[in-house]
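In what follows, chain A forms one complex with chain B and a second complex with chain C.
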Partner chain A sequence: MANAAATVAGMRDVPAAIRIMRWFIRHPPAVTFLLVVILCIVVGTINPGFWQVSNLFDMARSTVVRGLFALGVLVVLASGGLDVSFTAIAALVMYVITMLVTNYAPDLSIWPILGIAAASGAILGICNGLLVHALQAPSLIVTIGTQYAIRGFLLTFIGTALFMNIPESMDAFGKLALLRYEGANGAVATLPAYFLVLVVAASVTWYILNRTLIGRALYAVGGNAGIASRLGYNLRTVHVFVFAYAGLLAGIAGIMHVSSNRLANPFDLAGSELDVIAAVILGGARITGGSGTVLGTLLGVLLITLVNNVLILVGIPSTLQLAIIGLFILAAGAMFSIRPKS
Partner chain B sequence: MQSTIIAEQKMPSVEAQGGGTPFLEVRNLEKRFGGVRALKGVSFTIERGRTYHLMGENGCGKSTLIKIISGAQPADGGELAINGKKTEGLTPIGALAAGIETVYQDLSLLPNLSVEENVALTQQLVASNGRLARRLDLKVLRETSIRALKEVGLPTEPAFLSTPVEELPIATRQLIAIARAIASDAGLVIMDEPTTALTRREVDNLIRVVHGLHAKGVSVLFVTHKLDECKAIGGQAIIMRDGLKVAECDVSTQSKSELGFWMTGKKLDETRYRVDAHGDETLLSVEQLGGSGFDNVSFAVAKGEIFGITGLLDSGRNELALSLAGVEPARRGSVLMGGKAADLSSPASAIAAGIGYVPEDRLSEGLFLGKSIRENIVMAVLDRLRGAFGLLDSRRARALAQKTVDDLQVATPDIDNPVTSLSGGNQQRVLIGRWLTIEPSLLILHGPTVGVDVGSKDTIFRIIQRLAGDGMSVIIISDDLPELLQNCDRVMVMRKGRVADVFTAEGLEEDVIYKSMMAEAGQGVQ
Partner chain C sequence: MKSVFADRQFNFLVATNVLVVALAVVFAGDTFLSLYNFQSMSAQVPELALLALGVMLAMIAGNGGIDLSGIALANLAGVGSYLLMRDWVSVDEVPLAFSWLFALIALLIGLAGGMLNGALIAFAGLTPIIATLGTQLFFTGLAVAFTNGSAITLGYIEPLDNFGNTPVLGLPMCFTLFVAIAVLIGVVLRYTPFGFKLYLMGSNAKAARYAGIPQRRILLLTYTVCGVLASVAGIIIAARTSSVKWDYGSSYVLIAILIVVMAGVRPDGGYGRTVCVVLSATALQMLSSLFNFLDISNFFRDCAWGLLLIVFLATSRVDLRAFISPRR
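Presenting the complex of A and B:
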């Protein structure tokens, strides 16, 4: 039977080039990794300034919010859904919490703030999940709806003014340094402590996806929801969980955004959904669900961040960067469409 | 912890096999859908370690019965007793926990998950009673899957365990589905039409695995309408018709026509359908054709001839069919239609050359499931039905669709009904009807009666014979040997991509074809 399987896959007598190609097709994150490496080498060669510690720290800093979003999208995408409401959730959570804390509890420390943000994000996510399950509608449509509703609610009833004076604890958390590096010219570069939030979130997400029943269940539902429910997986639990988890991460991402920018702007974050989804897809998750890894997603985020932040170093205008991201996505799409199918 | 407790509970019941309570008792089961009574009080008993065949035509209520036993639907009346205990409000997870594993026609495998996960995840899900907030025990997952895979004779090395199921051939998937049942310590494995996509050799292997299950006290219930396979597998037949159990008997004591009679209420012929002789004029002539999976294939089909092609799954028969249909063009050799070289570089050019191809997998390759019967029929001839301004002439389209439906006796009150409202046999007729609208001189039918019940089979065979009688040439590609023998003039056997033999079908024994298919193909299945 193993022989039969091998014959069907056609593994005999194929040239090494094609075997390597096949290996890459089966391991999409490797392709992303290769692109990241090539991009670093090219940019680093043209402009050695790329390898400066301050630049690397900057990049790490700017992966945090996008990375948190992307982990949420990964979980939803793996279960066969699609979420575009996470930026709206993040904007609402960050703005309301910043406002409430500033006005009523200016001395609140960062941990309860993060806890409240995570919980409120999760509650909004649960609403998404229940709607998706109850309406039996494609989650893309449902979350487009909730995205508009949440954003409209925020701008109409909460406010449109910028918060320039964010609470002390959030400001301090944004400045807290994990690593400090003094360059030869005396300039100081810091890697912010909140980078650890992404590390923790990635580890937790990896654990959930790979070491728990709910993790396997959501891949099962993403593979084929009908079969999964016949096998005894509870679709409602899975739907609610994935959107709640994405909402939770979005809530935390909102606070990270405020802490790092030192202001809360209710118009922020809107429009970056596709950027995030693109990162997850570049990381090897299929848009149709049932696949995707944490490592791939992080690489996808890194790739998008590189393109966004670094191409400027070699004199490529930001408008052209968009075209480059587009080409990467097209290449990834073409690559993954020739993945082995049944 | 939980899994060990379950294992302890299972032990006494296995030892108690032979005597004592039966595994499952179904008493007076009833089910209504709106005004329709799908089940009108069905009772039967499943003893331990035996094979049963739940037989009946499409719509007889056997699918509904299976759904109730597997907890997917509630019953409206009657009761189920598992291990002598009456059960109420059975859920899918409850049925699994009670030891009833259902393998639906699609095998209920998750395509994107690995072999290991497909085999052994259910067991952990059942152990947690369906609750998902649990740690995954990778060690138990691996041990369970290896134990179960060994019993069905599949490999257990890590590379195989981590392969996504979607990359494996269908026969392997079938065994994986059975391995899952073993991994979950099932007492009854229900297999819904398990053999539709398998070749003879794979069916034989399946039978071996089933006998292995019996030795452990596990019962198997096949849901089927393939009479030949019931006879080959043996066991107890539970025959249903129109929501009622009409007979229960040992399959070996009944002839195929007797079983067919119980299922349909009609007398069925086991004799050859093929009676007409065809002319001598050659229509299709294939010379030295080669492509991926087949090579050096030469044969000719006369006008009005019915030509059968068979072989194991890897024999190249499917690839040959696809090349003639222009789906996967051949790379070497030539094809002549009516003496002229035919361009088969795409499906459209094959149609232009007069070749119609009805694929094996109706659902994914043939029918547009969201569309109506009418739209499905006229799909291939839209440009011929062009009216003013290049728009579709809906009056002519409707007339053509209605005529086709009438010709092929498709059972539907309205051609605007969705094609999904039809049974398998009627869907197949719609698909054949579509290809008849292009008026092909050669019709290629790939597995024309896969998933089709006995009564519909009869109608489809008569249609095929009538078409050939009208001068159309027909190629039937199938691994249903009786079907080929009943319908064809000649049968070509392919083996390892080459033509192995060409037989005259009249008076031919199944065994001769079977031997030709298997010759030097290597007996080491496992």
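Presenting the complex of A and C:
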């Protein structure tokens, strides 16, 4: 008892600043949240235009595709893997489906399109998962391979031309407004309805991670694959599931991308993998697996979107954007690597 | 080492090289065998092979080691060095001094970048993937910021251009330099305490720690060497193309990894031979040139590299010994 009392007293002796720091290190999403708040306040003070509803809506709009990708990466990362092929999957799915629908079933409504996109994304993801499991190689290396194979296939065999006349239903879906706001000067800002897709995807991902057996299984595998398999978790099921889920979200994200941009460009999306991975890492998911939350990931996405959007508002040249995101990844990685193992 | 032919991977790669040349002769005819073609291929090999050697070193070190920042650092070294030098030394008056100083500063940038990687991994405790992913963005970002996103033409700088393009005794100088570096790395890995420790660390990190091997120092050193190799690649790129830009070789990350995996380096660490990486790089370069001869699109090439990577990962999983040598 005396000992315990002493430790408690010892804890109290620790200066408040250090205790707060420790708390933040244990709760990475809080750090991300803090960064988001600070960034908003600083940018809002320098340039009040930041708080305009149209700007906020614009940012919400641009979080959708990145957010869908990030949720997929989160699930893969939580299970101890890493996926970089999702942008290639999204590009292939969006281009092929837009082309097929325009040519053969121009009247198809948005729901079957989304369903087909999700299914084809999931099938490509399953291939990823099976390969990662069968080859026993780091999933980063495997998915670098599939990324190039898929993108090369798209550009060689399917097409390189822009696709401007997208199906009516996708166009309408992209324009559908959830909220309309009329500014003082008469300019209308709209929050698109497809923002809800991200909300739904986030809820589903949260449910899978926290309320289902497969969610438990994938955190367990991410924490320690050897122990998890001895406990009876089927590693193959987990690998296939996480990559299939990431592929599914990538397929949906591809359709969202076409709907919001109103054109299908096979060269789009390439190169945004690192941004997305950065967002998930900033949200507190450890790259070694076994951790990560949906809320943290969404905050990470918000942070990256903010960095991408506000640099120009505060007068930092946009050419510095990449370097700053790189620094963010390094800072987040360094901070979470000193996180105590609880 | 019982005999030269005891290493399956080595035999396989030699066979692959021969096969690719044979295929090339069948499909592209005698032009493929011309001296000029071999010279231009050997001028293209070094930049990729040097990056691949860096990835190999990182992988041998184990602990999920990989270097994704190679080409970014190579570009940054070229861009940074040229921009620094441009205001200090006149290209027109002292081209030779300019070339040497350009190379020196590029090497220093590579050294600094490599040390940054090494420090992040060894001392800040980041996993190599995330550290080099972050520095990849960071280095690329710096190069973008310095150049405002556009390519910079160096113009004709005679000594530098000669280094990249003119053959001496039948071989381009940059290829000679590359061979020298490869031999050096091979010797260091094989015959020095550093190499021994590196392999031990990769094959069994725990045993290495209990054996008193200074892991942090070795990791730092390894990634620093990766950085220097990348900057040499950067100098060669600048010399060959007479320009520096931030997005040169965007698929080099994949190709470097492909070369290393094809060479039989184990991604979990502890095994990898320099000579195999060199052979694997030459095989890939000849295949790439063959694609050029056949007018195959770049997109298909990317597709083929991706598929090849997966195929080689698969073959390293399947033990072919049972089929190849009936003895034992």
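The rule is simple: the second predicted complex is superposed on the first by the 329 of 342 C-alpha atoms of A that agree within 3 Å, B and C clash if a C-alpha of one lies under 4 Å from a C-alpha of the other, contacts with A are read in each partner's own complex, and residues count from 1 in each chain.
As a convention for this text, a contact is a pair of C-beta atoms (placed from the backbone, for glycine too) under 8 Å apart; a residue touches a chain by one contact, two chains touch by 3 or more.
As the structure is a computational prediction, the values presented were derived from the model and not from experiment.
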Please work out whether A:Phe267 is in contact with chain B alone, chain C alone, both, or neither, and reply first, second, both or neither. neither
Determine, for the superposed model, which of the two partners chain B and chain C contacts more residues of chain A. C
Mind working out whether A:Leu231 is in touch with chain B, chain C, both or neither, as first, second, both or neither? first
Partner chain in contact with A:Leu330 - chain B first, chain C second, else both or neither: second
Identify the partner contact of A:Thr319: answer first if only chain B is touched, second if only chain C is, both if each is, neither if none is. second
If you stack the two complexes on chain A, which partner ends up touching A:Trp51: first (chain B), second (chain C), both, or neither? neither
Could you tell me if A:Ala220 is touching chain B, chain C, both of them or neither one (first, second, both, neither)? first
Touching partner for A:Ser291 - first (chain B), second (chain C), both, neither: first
Check: chain A residues flagged as touching chain B and also chain C none
Under the touch definition given earlier, write down the residues of chain C that touch chain A in their complex. 64, 66, 120, 124-127, 129-131, 133-142, 144-145, 148-149, 251, 253-254, 257-258, 261, 267-268, 297, 299-307, 309-310, 313-314, 317
Please name which positions on chain A make contact with chain B in the complex. 1-2, 4-5, 7-9, 210-217, 219-220, 222-224, 227-234, 237-238, 241, 290-291, 340-342
With touch defined as at the start, can you tell me which chain B residues reach chain A in the complex? 70, 72, 91-93, 96, 102, 104, 106, 108-113, 117, 121-122, 124-126, 128, 130-136, 138, 153-155, 157, 160, 163, 166-169, 171-172, 175, 314, 525-526
Give every residue of chain A touching chain C within the complex, in rising order. 82, 131, 134-138, 140-142, 144-153, 155-156, 160, 274, 277-278, 281, 287-288, 317, 319-327, 329-330, 333-334, 337-338
